[in-house]
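Each of the two complexes below includes subunit A, the first together with subunit B, the second together with subunit C.
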Partner chain A sequence: MKAIGIAAAVLLSAVLPFIVPAYYLHMLVLTGIYCIAVTGLNVAMGYTGLAALCQASFMGIAAYASALLTLRLGLSFWLAAPLTVVSVALLSALLGVITLRLVSHYFAVCTFGLSEIAFIVFNNWISVTNGPGGIQDVQPPARSTTYPLSLIDLSERLHYYYFVLILLVASIAFVVWLMRTRTGAALVAIREDQELAQAQGIHVMRYKVYAFVTSAVMAAIAGCLYAHYLRFLTPEMFTIMESLSMVIVLLIGGAGTIVGPILGSAINVVVPEILNVVPEHRMIAYGLFFIVFIIFVPGGLIGLSRRIFGDRSGRTAQSAGATRAPVAASR
Partner chain B sequence: MIQLIQQLVNGLVMGSIYGLVALGVTMSFGLMGIVNFAHGAFVMAGAFAAFYLTTLYGIPFLLAAAASMGIVGALGFLVERYSFRFARHEPINGLMISIGLIYVMENAAILLFGPENKAIQPLFSGTIEVGGVVLATQRIFVFVASSLLLAFFYLYVKKTKSGKSMRAVAENAFAAQLMGISIDRIIGLAFVIGCVLAAAAGVALGSLFVVTAHMGAAPLMKAFVIITLGGFGSIRGAFVAAFIIGLVDSLAAGYVSSAWADIFGYVVFILILIFKPKGIFGEGT
Partner chain C sequence: MLISLEHVSSKYGNVLALRDISLEVDEGELVTLIGANGAGKSTTLKVISGIMKPATGRVVYSGQDTVSRSPRQLIEAGIVHVPEGRQVFAHMTVLENLEMGAFLLSDRRLIEERLDLVFRHFPILKSRLQQEAGTLSGGEQSMLAIGRGLMLRPKLLLLDEPLLGLSPRLCQEVLAIIERLHEEKMAILLVEQNAKAALKISDRAYVLETGRTVTSGKASNLLADDEVRKAYLGF
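Moving on to the complex of A and B:
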């Protein structure tokens, strides 16, 4: 039954470009790319409970790196993109080792700082990133020279859609597989109760770094795809607000579930299209929905917070201040 | 030498404004455990209120500033009562709510007031010269007014009954309640005061620079750096750190470049967070 559902979903996304009006193909590609990044965020935030507010920054770093490697060094996309993804993985591992000592909102504030730093670099390292002007003329991936593949031209939008779709399906399949392994169980255990997980012999730090890097790698894949699809980049595309948007999209769709990122990304694109609203109205609606969601959805409220920061049930509003640890640093 | 003095004075001016913003952030954290990302939006709301009162209705600057503090205080009351109050037992939910609030408030500001930059007509327009150093009168005024507000607030927290209640709640909310302190009222009051100070900062920033929907973001980030440096929840630490950051900022802006100086600030902020999580001046409220 489940297999049928999955097959139907994949089939549907494969024929979708022929069902919807041509205009929407562009939206579909962007949704697919966005969905890869949010799927990554889901590993860190949804499954492991890390409030990482810098997903768009990793995406941005990868987008800039891949664009610059192809433009300045003349590397082919097929070399530049994997190089970029590996570099972002190393960078996120390094940052993870340093920052994941922090828990709860201290980690959140820290990643907020990281994303500010990334934005300032994009905006001010003018000799490399061209500052606020951004980068133009990023080339789509070159045609492969091997015969059957040479027919695939990724400068064509439809082909790019399938390229994105394959990577999206691969990312989702990876997460499904990951969550069935012991590693996945360890991640959920950390989300549910970090201290208990540690007591059971789970190397909390190692698994957190693992989740953080996985999440960043998916952001990096999305970033490479984004750069070579849109063909221009500006710092404004990767601000902290973009990272926060991804968090909201993930929570709207359902954090810690496989379909959550897909659902959230789809809602993010489809609903404003249908309602045909100005962006400000949509943002206000998102914000209000988000606040109401956090306050009123009982499972959302309790489940979410427990997922994100360990079990603190049993605490009442009154005793919260009384028992709050002064600072929760690394243990 | 003259340039140095100029930068130092600017640093003090910015430090006093940052102090106003940081106090609200540090109180939200100290009393509710909430990292309030939306605090910058209250700064912005204060600036917009003052802009409209002065420009459209011709209300004098000081009166408009006071009215804007009142309006934003009322807004803060509503926000605390109907959103943050529900997150008090789970601080991370407060952080999430504040993210939602940024979306609502900044976009509402764009819708209501348009995306163009605006400026509040300052109270003073001239400059004064002291020993060759030329200083804008409005900056001096902002510094004096902000410092007075900070001093007033400090005395309030140290001397008055409700100020003492605030410190008691920050110290131990449960025990404070046993002593007959209404936590709801004290936290609400503290939040409103934070918003009033944020509005004052907004008016000050709006009269020196520009008023935009996103103007709160930069001082908010500074406020985070400041409260990390000063120790989360510590008021005295926030005071000292605000002036340090103000001075470092303006010296860096004068002698290096302000954008790269910001990076340095954030790196220091993250390092302090990691290695000295109680802040350099960490202590009780």
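Moving on to the complex of A and C:
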């Protein structure tokens, strides 16, 4: 049943460009990129319970880095992007080791600060980032015989869509795998009760840094994809508001579930499009959404569907199985 | 001596939680800490399990100073802490909770063996394996917390208020299990508000007051001591 669902979802995403009007292909690419970043955030926030409010900043740092490496140093995308991802991983590890000593809302405030600092750097380090003017003429990944992945022409929008889709599926597959390992169990234990997790011998700090870095790496992948797809960057793309909307998107979709980020990202793109919302009004709508969801739908849309359809397990086949005793009987 | 604390003090930020704690637990001994709220009982357990570090003084476990060792290393050395509070991972199943207790083990066969051991002590858990721990009754949650602690077969089990919020009948049940573990020669350091019940099954006890050990002795003597009874046991 589950396998069929997954196959259907992948198949649907593969044929989607041929179903929807051509104009929407652009939205699809952006949704895919966004979804990679939110899937990353889900590891830190949804599964580990770290309120990281700087996901868009990591995405921005990567976008700028990859763009500048190709433009200023003339590196190929196929070299610049991996280099960027590794650099962001190291940066996030360093930041994580320092900031993850703080718990819950203290950590959130700290990442809020990081987010502001990143924006100020994008906006004011004019000699490098060109400040508010942003960066133009970022090139799409070039065809090259040196790098094995680069044989398809990624200046073609449809091809870029499949490129994003592959990386998105890989990201999601990674999270699915991760959550089945001991590491995944440790992350959830930390979210549930940090002190109790520590009492089981879980090295809390190490796993938190791991989750934070994983999350940042996915943001970085999304950032690289973003820069070379849109071909221009401005600081406004990576403000704290963007980080916050990723959090809200995750909560709306369902934090700590595999499908949550996908659902949230899709809604994030589709709903404003249908309602024809001015971007400025989006945050107002999000604010309202946020309040409603926190109060009435704490599990996000996925939690809501579970409540309606009565599937409370949501984990793997083993916990859905046999001996779930009725709750009432134990009282 | 399995573990001894020598003139330990410890702080939360600037607040001194422990002023001068000295105590010992011998191999196979069941020792109880009693005292009012805020006397430092839970903090003492945290210092022993390495979650908190002493500001001054020494903690010696199996002849070695533990100060430089991480909580994880201490668990590997056989000190398992069952903290107070909700005590279980509420949104995980009973089985997942027990497996969490065996986080440091990777041998699947050994984990199965330990699960069987836990089910011998707590048959009720076996029938609740796939139930979310948060939906268990208070008594079952307490048993699950202790059961999870047993997954690593500790040499020293630290129990922080396992009777909290339990009905008198369930208290008796949990106490009986603690006694049985004691008979199996597991060293146990018990923190309990229900001092009378705890003292009845303990070998020895320490009385804590504002971060100091003020009295200690055989549990039966403390139970019989009028002054201790009036001041700390309230009966």
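Quick note on the criterion: the second predicted complex is superposed on the first by the 286 of 331 C-alpha atoms of A that agree within 3 Å, B and C clash if a C-alpha of one lies under 4 Å from a C-alpha of the other, contacts with A are read in each partner's own complex, and residues count from 1 in each chain.
Here is the rule we go by: a residue touches a chain if its C-beta (ideal position, glycine included) is under 8 Å from a C-beta of that chain, and two chains touch if they have at least 3 such contacts.
Note that this is a predicted model, so its numbers are computed, not measured.
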Contacts of A:185 with subunit B and subunit C, given as first, second, both or neither
second
Partner, of subunit C and subunit B, that touches more residues belonging to subunit A:
B
Please work out whether A:27 is in contact with subunit B alone, subunit C alone, both, or neither, and reply first, second, both or neither.
neither
Tell me which partner A:51 touches in the superposition: subunit B (first), subunit C (second), both or neither.
first
Per the contact definition in the header, classify A:79: touching subunit B only (first), subunit C only (second), both, or neither.
neither
Looking at the overlay, what does A:201 touch: subunit B (first), subunit C (second), both, or neither?
second
May I ask you to decide whether A:166 touches subunit B, subunit C, both, or neither, giving the answer as first, second, both or neither?
neither
Applying the touch criterion given at the start, work out whether A:259 contacts subunit B, subunit C, both or neither, answering first, second, both or neither.
neither
A:104 in the overlay: touching subunit B, subunit C, both, or neither? Say first, second, both or neither.
first
One more residue to check, A:193. First (subunit B), second (subunit C), both or neither?
second
Pick out the shared contact residues on subunit A: the ones touching subunit B in one complex and subunit C in the other.
312, 319, 321-324, 327
Complex contacts: residues of subunit C adjacent to subunit A
49, 51, 70-72, 75-76, 80-83, 85-93, 96, 99-101, 103-104, 106, 127-132, 135-137, 140, 148, 152
How about subunit B: which of its residues touch subunit A in the complex?
31-33, 35, 37, 83, 86-93, 95-97, 99-108, 110-111, 169-170, 172-177, 183, 217, 221, 224, 228, 232, 257, 259-260, 262-263, 266-267, 269-270, 273-274, 277-278
Would you mind writing out the residues of subunit A in touch with subunit C in their complex?
182, 185-186, 188-189, 192-193, 195-203, 312, 319, 321-325, 327, 330-331
Give the list of subunit A residues in touch with subunit B in this complex.
51, 98-99, 101-102, 104-106, 108-110, 112-114, 116-117, 120-121, 123-124, 240-241, 244, 247-248, 251, 278-281, 283-284, 286-291, 294-295, 301-302, 304-305, 308-309, 312, 315-324, 326-327, 329
